[in-house]
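Okay, so chain A shows up in both of these, paired with chain B first and chain C after.
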Partner chain A sequence: MDEFFQNNGFLIVVMVQQTLLAMSLYYPLMAGQLSLASPGFYALGGYVAAIIGTVEYFSPWRDALGWGVFPLEWLIAGVMSALLAVIVGIPALRLKGIYLALATIAFVEIVRVTCLNLDITGGAIGIFGVPQLFESRWAYIWIFGPLLAVMLYFSYRLERSRVGRAFKAIREDELAADAMGINTTRYKVLSFVIGAVLAGIVGAMSAPFLNTWNARQGTFDASIAYLAYVLIGGGRSIWGPLLGGALLSALPEVLRPLKDSRLIINGLVLVFASIYLPQGLAGALGRLKLVFRRGSRPSGGGA
Partner chain B sequence: MGTAQIIQNLLNGISIGSVYAIFALGYTLVFSILGIINFAHGAVFTLGAYFTYTLTVGQFGINGLLSGVSLDTQLPFAASIIVGSIFAGFVGVLLERLAFKPLRTRGADSLLALVSSLGVALVLVNVIQYLVGAEIYTFPQEVYGDIKPAIMFEVAGEIIVIRTVQVIIFAVCMVVLAILGYIISRTKAGKALQAVAENQITASLLGISVDRIILFTFFLSGFLGGLAGTLVGTSFGIAGPYFGVSYGLKGLAVIVLGGLGSIPGAVLGGMVIGLAEAFVPPDYSAYKEAVAFAFLFVVLLVRPQGLLGRSLIQKV
Partner chain C sequence: MNIILEARQLCRNFGGLKAVHNVSFNVAEGEIFGLIGPNGAGKTTLFNLMTGLTPVSGGTLSFRGKTLTGLPPFRIAEKGIGRTFQNIRLFKGLTALDNIRVARHIRTSAGLLSSVLCTRASRNEEQQVEEKAWEILKLVGLAERGMELAANFSYGEQRRLEIGRALALDPEVLLLDEPAAGMNSAEKHSLTDFIREVRDRFNLTVLLIEHHVPLVMNLCDRIAVLNFGELIAMGAPAEVQKNPAVIEAYLGAE
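Moving on to the complex of A and B:
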């Protein structure tokens, strides 16, 4: 068993990390907002951790706090993501559907090109030698795992709260939600901020995990990957991003024996999954459960 | 900035802008009919460049399945670019049948079309990589015939240099735009296309085969994308299977700037973004890649319907 985790530890941590990023895209979607901004905040969070971890100016902090500097990085990354999300979100969330998606793609690209050109972010080379929190890669499960657990509990509570119901009301019909006295702008921005904070914190945890950080961490490709996780997993419940993120992020690794053709297969999976699993995996499993229940209680179906 | 510099930038801008325009038209035609964005358009752009390269040069490098292969029959460049773009057009048709039609017939969420078209893009790009590797392919100098590499002339005592390729690209784009304009506004198929864009149900009641018009649109879109890819390839080389991605994203900025679904808008948007990039001061040239997205973001916030788009009427 130990050997299993030694060999596959990295992959498992990546699966959890990608699942968390899929969830960061799910929260805005809960309120009906298709935002692809997560990689921008993920990149920002990573740079916060990489800069605090390596720049000379912060060395007194690192000496004084020891490992305590890591939670501080998460906190700062979260706060900065929240601020940026409010600044970007208030104007951008007046847009709907594909227009919002395009605006957030533009946001991600602007963040990427800016990071590619600033000195503090290490330009095109990026930042190397980000201090590690743990010695082994597998040990990072002790930060990503609890974060996932916290986010699952948070999502569970959120769905049953006033805020969560407001999100869903906006998703189903924004005009009607507005008419019922829900402050739609506030809740839409809130959903956007929740996703941004999560992506920022995951970024700040990932920079030490990957040991290096550069502008390739937050790209359009990543936006699409997260969207694929959510839609193929199923966009109607938190189980969607969980299933989609874990399975699809493992897919390239599982297909590794196929070498060069693995990304071709990956692409085909995206095509066929979007065609044949309209409600996502979570939806398909839900239907399957329904079929089994009907099977065991035949009288239920006729009522 | 002196007069000569301004003229130089203007000429550079309209040349690349005209390529953005015909590329973005491929997006806009599909959007006008189906109301979706075909995210595989950037991959079709790449594919078009490789098709033309294969037809006219046909020599491959050291990576991929076709490594070391060199084809005996080479078409003249003018024929290759047309045939290559027609192939790209057929890929567009295939794309519609594979990634869009199954979703449309089921009435699925339009977000899924986004994912499925990206899946196709991933397949196309990696098939290219599988076949010919990730290396850079360049068209030989003489594809456009025996011409001087650059034209020089003098304005206000300063010399302006225009690469001949830029002039040819601009000319080809203008010819294509003229033909496309003719097809869309004068021919029966073009008028049917406009009718379908206006209202699919009414168009089908009037006896137009909506399905065929959709295929026709995807063919045109693929043709334009492939042609744009080849033109960029002759100017800057084909920088590997992923070289269409950044053009694909920029094309989105172009169509939003012009107005989603607006044909004159795509042309105007292409020109505006081409010129804006050309006028980025040399000190900030690294930020050139962000110009299109800054435009995209600002336009969406200030005027979401774009420069020439119709404003959306919200229906309850």
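Moving on to the complex of A and C:
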């Protein structure tokens, strides 16, 4: 058992981390908004942690707080992501569908180029020697795992709440939601902020995990990867990004023995999934569950 | 009689088309006010102006003396104006129960934090919302099917669910855009009684767009007739029915 974790620990932590990032796309999607901005907030969060962890100015904080500086980094990353999300979200969320997706990709690119050119973010070289929270990579499961649990509980409650219903009403029919008294701008921005805060916190946890942070973290490629997680897993419930994130982030590793052809297989999986699983894996499993229930009970009706 | 709604010289142009032109009328509290006219006369556009979904090109609209023009739709809903849509706009991917629950939004206050932390106040509120939603589903005759997706409902059921959703806003004014369209004659018949019943029970003022002439004549206290965006007649059903301009524009054309 120990040996298994020694060998696969890194992969498992990466799977959880990628799952969390896939989930960060889910909240705007719940309100019908296809936002690919997560890598931008992920990058921001990582820089926050890397800067607080390495810059001389913050050394009194580090000395005073000890390991407590890490939760403080998460908090600051979350707050900064929320502020930036409000500033970016209010104008961007006036756009619909693919135009919003493009605008959020542009945002990711702007964050990347800005960080590439600032001194405080280490320019093209980035920031090295970010202090570690744990000695082994595998141990990072003790922060990413609880965050995943918290987000699952959060999502569970959100789905059944007044705010969550407002999100879903906007997704189903924005105009009708407006006519039913829902401040659509406000709730769209809120959904965007939730996704941004999650991505920012994951970034802040990832900088110590990766030990280094630079402009290659949180790029356009990542936007597409997270989109694939959600497409394959399904965007109608939190289980979609959970499944998609976990499976797809493991896929390249699992296929590693196939060398270069693994990219082809990766692509084929994407193509077939989008053709045969329009609601994603979670949607397909949901239908399967429904079929079984119908089979075992005389008449439908639901719980 | 108290005036609850007042439209003054309402106008709406789409490019060169005058979809609504200089329309003025008052609606009294408790009235069932019919709006008829041929297809394309501007009836739906008038509802869209009244609910803020389409901005006015000119004129004003007031509700209990307060102006509505310029307010976004959700503010108008908050003030107490609920509506249905000619081309049904339910939240199709949500259950019937959730469709109704969404409309309780403006009557509740739970925020993100209190819901996620599951505070006592938010739990109580959720319970009240649920009870109210079932009550309304019962009222529109869909209580047995509350957990089904709205998309699975028949046309007539969707129309009833949409009325239920509007009622869940606790509105003072209810705007119904062709509620009988697509219903069979039995359903149409019970709709007449149903509209009267909810008007009495919730002290509503009802504005009704309808093509089905017997239903309108039967139900409405007053009728306004639109033709090419202009108001050509207004009055009691019997009067309007005899008006030559109306016969030519609308009833004659049938």
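The rule is short, and it goes like this: the second predicted complex is superposed on the first by the 293 of 303 C-alpha atoms of A that agree within 3 Å, B and C clash if a C-alpha of one lies under 4 Å from a C-alpha of the other, contacts with A are read in each partner's own complex, and residues count from 1 in each chain.
Quick note on the criterion: a residue touches a chain if its C-beta (ideal position, glycine included) is under 8 Å from a C-beta of that chain, and two chains touch if they have at least 3 such contacts.
Predicted model only: the values in this text are computed from it and were never measured.
Engineer: Under the superposition described at the top, does placing chain B and chain C together on chain A give a clash or a fit?
Structural biologist: After superposition on chain A, which the two structures share, chain B sits beside chain C with no clash.
Engineer: Specify the angle subtended at the CA centre of chain A by the CA centres of chain B and chain C, expressed in degrees to the nearest 10.
Structural biologist: One gets 90 degrees for this angle.
Engineer: Given the touch rule stated above, what does A:R157 touch, chain B (first), chain C (second), both, or neither?
Structural biologist: Only chain C; A:R157 stays clear of chain B.
Engineer: Would you check which partner chain A:A179 touches, where first means chain B only, second means chain C only, and both and neither mean what they say?
Structural biologist: second
Engineer: Quick check on the superposed pair: does A:N117 touch chain B, chain C, both, or neither? Answer first, second, both or neither.
Structural biologist: After superposing on A, A:N117 lies in contact with chain B but is clear of chain C.
Engineer: Using the superposition on chain A described above, determine whether A:A106 touches chain B (first), chain C (second), both, or neither.
Structural biologist: first
Engineer: Applying the touch criterion given at the start, work out whether A:L148 contacts chain B, chain C, both or neither, answering first, second, both or neither.
Structural biologist: neither
Engineer: Scan A:L190 for contacts with chain B and chain C and give back first, second, both or neither.
Structural biologist: second
Engineer: Using the superposition on chain A described above, determine whether A:S261 touches chain B (first), chain C (second), both, or neither.
Structural biologist: The first partner, chain B, only.
Engineer: Could you state the shortest Cα distance, in Å, between chain B and chain C after the structures are superposed?
Structural biologist: 8
Engineer: Going by the contact definition given at the top, which residues of chain A touch chain B in one complex and chain C in the other?
Structural biologist: On chain A, the residues that contact chain B in one structure and chain C in the other are 175.
Engineer: Would you mind writing out the residues of chain A in touch with chain B in their complex?
Structural biologist: Touching chain B: residues 34, 91-92, 94-95, 97-99, 101-103, 105-107, 109-110, 113-114, 116-117, 175, 220-221, 224, 227-228, 231-232, 235, 260-261, 263-264, 266-271, 273-275, 278 of chain A.
Engineer: Considering only the defined contacts, which chain C positions touch chain A in the complex?
Structural biologist: Chain C residues touching chain A: 51, 53, 72-74, 77-78, 82-83, 85, 89-94, 98, 101-106, 108-112, 115-116, 118, 122, 125-126, 129, 147-148, 165, 169.
Engineer: Which stretch or stretches of chain B touch chain A in the complex?
Structural biologist: Where chain B meets chain A, its residues are 36-37, 39, 98-99, 102-103, 106, 108-116, 118-127, 129-130, 245, 249, 252-253, 256, 260, 286-287, 289-290, 293-294, 296-297, 300-301, 304, 316.
Engineer: Would you tell me which residues of chain A are touching chain C in their complex?
Structural biologist: Result: residues 153-154, 157-158, 160-166, 168-169, 171-173, 175-184, 190, 194, 236, 301-303 of chain A touch chain C.
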